[in-house]
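Here the structure comes first, spelled out in structure tokens, and everything after it is commentary.
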Amino acid sequence: MTGTIALITGILLVLIGLWGILTNRDIIRMIVGFSLFDVGIHIIMLSIGYVAGGTAPIIENLSDIGKSYVDPVPQALVLTAIVIGLGITAFMLTYAVNMYEKKGTLEIDKFEELKW
Amino acid sequence: MTDIIFLIIALFTVTAALYAMLTKDRTVSVLSAGAAGLFASILFLMMAAPDVAMTEAAIGSGLTTFIFFFALRKIRSSRNG
Amino acid sequence: MVKKVFILLMIILTGLILWSFVPGYESRTALPEVSAHYVEKGPEELGAANIVTAVVVTYRGLDTLGEVTILFAASAVVGLLIHLNKNENKRRREGSEILRTGTALLFPLILLFGIYVFINGHLTPGGGFQGGAIIASAVVLQVLAYPNRKIGHGLLSVIESLSGFTYVLLGAAGVFLTVNGFLDNRILPLGEYGSLLSAGLIPVIYTLVGLKVGSELSSVVISLNGESEEEQL
Amino acid sequence: MVDPIYLIVIALATAFALGLFRKAPSLLPYGLTLAALAVMTVISGSWAYGILSGSLEGTDIFTAGFTPPVSINLYMGSLEAVLLLLVNLTALMTALVLRKEVKDTSVYMLMLLLVFVMGLNGVIMTRDLFNLFVFIEIVSIASAGLIALRSNLEQLGAGFKFVIAGALTSGFMLIGIIFTYYTTGSLNMDVIASQMSPALAATGYTGLFLIFIGMIMELKPFPVNGWGLDTYEASVPAVSALVAAGTTSAMFYAFLKTSYMSGGLFVQAAAVIGGMTFIGMNVLALQQDKSRRLLGYSSIAQIGLAVLAYALVALYRIENGEFIVFALILTHALAKALLFWLAGIVGKDSIHDWGVIKKKMILIAPFAVAVSALLGLPPFPSFFAKWDLVMGLAARGGMVWIILILSGSLLEAVYLMRWFGNAFKDSFNEEDTLDWRFGTVLPVFFNMTVLLALGYLSASQSSFSMGFNWILLGAVAVLMVLDFLPGIIKNLLLMGAIGYYGYGFVMAAESYRSVFAWIFALGALITLLPGFGVKGKRMGFYPSAALMFAGLIGLIEAVDFMGFFLSWEIMTLGSYFLILRGKDSKPHALSYMLFSLGGAYLLMTGFAMTYAGTGSIALGALVKAAIIPHSGIIFALLAVGFMTKMASAGLHIWLPGAHAEAETDVSPMVSGILLKAGVFGLLMTAISMGEQSIGPVSLPYVLSWVAVITALVANYMAAMQEDAKRLLAYSSIGQMGYALFGISLMSHLGWLSALVISIVHFIYKVTLFLAIGSVAKRTGTRNMYQMGGLITKMPFTFFSVLICIIALSGIPPLAGFSGKWIVYNAVLEKRWMLQGAVAGAAGIIAFLYLFRLIFAIFLGQLKDNHRKVKEAPFFLILPQALLLGLVMFFSFLPGSLLRPVGEILEEFTTAGALEWQGNMAISDYGYWNGVAVMWVFMALFAVFFLILTINGRRAQWIKQFNIVFAAERPARPETTHFSYNFFAPVRKALGFLEYPFTTNFWNRVSDFLHAVAGFCRRIYTGNGQTYLLQMVIFVVLSYMLTKGGF
């Protein structure tokens, strides 16, 4: 049950993030949308690795080998994904700051210098 | 029982995320997104993923929010200057 | 308005795509083969109690190297844009007395905590990335408290470069010392299971990652705060 | 061998270490970066060499001391090695180009460059899904950083759009990866591929779909690629080069890997998306005049083509698929990087400002090579790839796709050739400068060399046998290298080469081929003679001429479709460059190229269908093709293709301008010689396939009407011209109409007439173009009403024109008559009286223009400003003299021409063949004794000459200005010239013939396409958010269409 709830929560967060990305003209809030989108994906990923009744894959004694653990792989992937997400967010924000300094606005539809 | 707590926190997460997208105020939006990240990290903890929970709390929710604020501050200061 | 309804429709349809996965989903009861291998053989093979760390640092070490690279690239982009758009600094209001005193007290403590987190990554939850982020938040405090103090990239950049360089070299050492052993942690003895100095190269790598991530994130924060890169810490 | 993992180690270690050199002089980190990239190039190069030469085998690279799937593994195989070499080499070259930027960007740019390259290496090698995702993110961040190298508003905007689009894409992909992990329990692509089954594909559909759509969106499919176009346009050109060559190639390979992983689950969708992208981008590019954005359009289109090719290869199980796909990818990468670097050297964004490239004439060569390679012209790998693909598709019934690929290619030719023409012809501002440095120039020429070398290699790899003589292309290459020599020396070399090779070639040619072999070889030598009179280096002329003649010779030598088509394209390319050299020839050269390519694609389709029906690509298969299904369509395709070259009515609008505006000695080449290639091809088709029909419509019958209409209208148009060279050009169209008519008669006499007309038209048209060309050169005008009385100044030229027009008008006694005589015999035999009547009418009109030619130019009053005009230079007269000798020979002994040619044709049909009694030809309807006619004519001539001379004594000489003008001087003095609007009365009667039906039709086609492009490209609003929405819609629609619901 926990897994399913998490999966649905993740999907909802992805959709909410998508909604934010597609409807906010403000670049900062679009970026917020992206970070929610990311969080949603992370939750989905973890729900995939969840094993009902499993414990965290930290084996303090070698004698504990063989107990039920949750899948460590998705956790490792999420760990990576979170850090990548941070990198991308920082990156986008730097761009946003520089765009603001050049143009004095943060509305996405004002940045149409290049088209067609 | 844990399922119910889990469900409640999941609801909190979704609500915080929704609020982040619906509010008009940038700052509030960034803060609610951070809150959503924090709730998510509780979910992670409950899903037996302490490593991820810690990362999400420190990076996904904490540092990201900081960076948002620094960026906002810089934007504000360049508007004033 | 029409546009928003249309977007909503698209998002619902996207939701339907994702939803198609839900009915077939059930929480696993057993681990996939590879994960089972990690959980059952991991402790003996790599000597790390925290299997997630074992996966992150060694089994999927290439991912982690890539991850470090992404942060590195992001901070290089931040550095590039700051470098290209140097503008004069405006004086900012100093942080309050409480904040400054608090920072003076907390700064070393947070630093220490960060170091603790990444050194123990192979034993307890946490590791290089989390520790690095914690160190960076110490720098955030510092910046908040003394917004006009010039904290430069000089030292940070040296730490970052050296730790990154060493990380890659240690990884490559595996290719020299063992067969196909890029990023193999077993080029150092595995040590006593569960102790600080165990799991071969893992604590070393996590320390390097922690230092690198910490310095990178710090310089991103400092860059965004608008300081130039000329001054040193 | 060095472990490939060092590619990643070296790039990363250097990138990380660069941080230490922040304060050091910029040369140090720059040198380190170059060294790292060089080492990486060497490593990947040695692997590529080792694997391709067979001394090494593809190898797995394990990490962490474990074997997969426990740890991540990479793979180094032949494809990987080649792509890695490509990427690392391009990066090294790009680093050279970026030398100037190092100072402003501190070490950051170098760090990003290294990280970028490392990411690309990883994308190519990795076999792990999530690892692929990580590397894609690295590439995406690093390239987004490099986009903002100058940090201006355009770059920031473009970079931001790029990042958000990338984030959305990778988000979808990540969800797909984790779903796939759930269903398969693995992240290793090989493991997943080995497990893949229909059942698994069904349960894991969503995951696999999301990975597919994510990878496809990395390739910037139409229409969700506005962000990609922006980045190509905004970035520093060197960065765009690396993105276009490196990122797209690596991402494409990653796409292939994931596609194999899912067992080809989405190839149909890939085919549709690829085809849509190829066509869509090429249409939209029509309206684009910013060079780098144009290159962006073209890049995306080419990747679309590669995706399409991959999908078709999989769907239709086409052989040699790997070659097809990777030849396309490699050619594109090399050519596109070259063009972007060139854009950096030129430094102008608008394609109308590219004339400045002529400041360094030598840059035209790489430009031409790159454009030709992109268009899939020979000898580049893309040519062989397209050929193999089209043949394969035809054999498996993929006609729709052939049409799509070829029409897309034609559209691409429109804008690329237009751009090239602009650069070559447009004037430029002397103050503009080129970024001419070692670092910027070396990469351009390096890639050019690689492209040429690959062309040679891929020809030997092509699965179809090669009926082409590479010696001739070798000569072209030698002339290109020796282009710095004086023109006279190059001319000697080329003539020597053609003479030497041509002798054996003409001797070896059999049957009707020998007729054309004579025309081509002799024509080449004769038309090259005037070149001795041109001083200076004449850069580019001789390689182009050599290219054209190589193609012509190759046509004759070809034994299979491949050799024929290859020669055809080479000939077209060479003649295009020649025509482009003319002063005002820009638009005409473009339309020439487009019609030629269009025609060539029809030929290709026809050949492909023949191959499909007969299973053979030998030219002889055309005979077998006569009895397969769709033989009528094959005949029609080939006929229209060849008729494009012959400029038959409806397909002729390129000719008048192209032939009239060409240089004095180029006009005879293209008019006198080149047109015969079309006759040759059509004759071959007609002889091989015989009478064909589509449904109840007999194709020769249709052709005959097209032919006589061509003759009639073209002759009329010729009569109405004021420009003497245009007159000759129209006259050529008319003559080719006769040749077409002869072929369409499908009889011995008909074909004989076509051959004879080809021969005599070659002789007369070369002579006339040389004569009129020298008049135009001496008087400085081509308008006939500005000439007059030149008989005294240019007597030899007058004589040569006189002889030619007598011959050309087809009246006795000269050789031109023999052609006409045979035609009418053949008409009588076929009972096509109506067509014969129209052809006769056309012949009468021909008198009008021929008469005018001699009258307006040479008779009448000499113009004041022509008093100092001299006779044509020796090297223009010499070839005329030679040809006139030939005319006289054939005229006195018509049998010497008709007999052997007729005998050749008896191999195919003897019905209605001429019989010979001494010098007398006897047909079923009469006889003709050329020698007797000649003597009679001479006698009559002598009689009239005497009478006139005697009477001439009584003629009164008046002074030139013994004319009294009344009242005022007219506003347009030329209207009073006696030869201005010479045939005004005729015009009153037949003016409707001048209405430009054809021109208007083709203009409408062009306007329509441009309007479509102008309208459709509005989807690229420039708004990043709109782009994201388009991407979401794209994902949703693709899902619905591939799965058929949710």
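Things to note:
Note that the chains take the letters A, B, C and D in the order they are written out, and that residue 1 is the start of every chain.
As a working rule, a contact is a pair of C-beta atoms (placed from the backbone, for glycine too) under 8 Å apart; a residue touches a chain by one contact, two chains touch by 3 or more.
As the structure is a computational prediction, the values presented were derived from the model and not from experiment.
Here A-C and C-D were compared by C-beta pairs in contact; the pair with more is C-D.
Rounded to whole angstrom units, the spacing between the C-alpha centres of chain A and chain C is 16.
Between the Cα centres of chain C and chain D there is a gap of 54 Å. Inter-chain centre distance (chain B to chain D, centres taken as mean C-alpha positions): 58 Å.
Between the CA-based centres of chain A and chain B the separation comes to 11 Å, rounded to the whole angstrom.
Of all residues in chain C, those touching 2 or more other chains are 7, 10-11, 14, 18-19, 21, 25, 32, 34-35, 38, 50, 52, 59-60, 63, 66-67, 70, 73-74, 77, 81, 85, 125, 127, 129, 133, 217, 220, 224, listed in ascending order. Under the contact definition stated at the top, the residues of chain B that touch 2 or more other chains are 49-52, 55, 59, 63, 67, 71, 74.
Counting partner chains per residue, chain D has residues 130, 134, 137, 141, 144-145, 148, 151, 175, 179, 181-182, 1029, 1032 touching two or more of them.
A complete list of chain pairs in contact reads A-B, A-C, A-D, B-C, C-D.
Within the complex formed with chain C, the residues of chain B that make contact are 49-55, 58-59, 62-63, 66-67, 70-71, 73-74, 77, 81.
Across the complex, chain A meets chain C through its residues 1-4, 7-8, 11, 14-15, 18-19, 22-23, 47, 49-52, 56-62, 65-66, 69, 71-73, 75-77, 79-80, 82-84, 86-88, 90-91, 93-95, 97-98, 101.
Residues 7, 10-11, 13-14, 16-21, 24-25, 32-35, 37-38, 45, 58-63, 65-67, 69-70, 72-74, 76-77, 79-81, 83-85, 153-154, 157-158, 160-162, 164-165, 167-169, 171-172, 174-175, 178-186, 229 of chain C touch chain D in their complex. By the touch rule above, chain B contacts chain A in their complex via residues 2-3, 6-7, 10, 13-14, 17-18, 20-21, 26, 29-30, 33, 36-37, 40, 43-44, 46-52, 55-56, 59-60, 63-64, 67-68, 71-72, 74-75, 78-79.
Within the complex formed with chain C, the chain D residues making contact are 3, 5-6, 8-9, 12-13, 15-20, 22, 61-66, 69-72, 104-106, 108-109, 111-112, 115, 118-119, 122, 126, 128, 130-131, 134-135, 137-138, 141-142, 144-145, 148-151, 175, 179, 181-182, 185-186, 203, 205-207, 209-210, 1029, 1032-1033, 1035-1036, 1039-1040, 1046.
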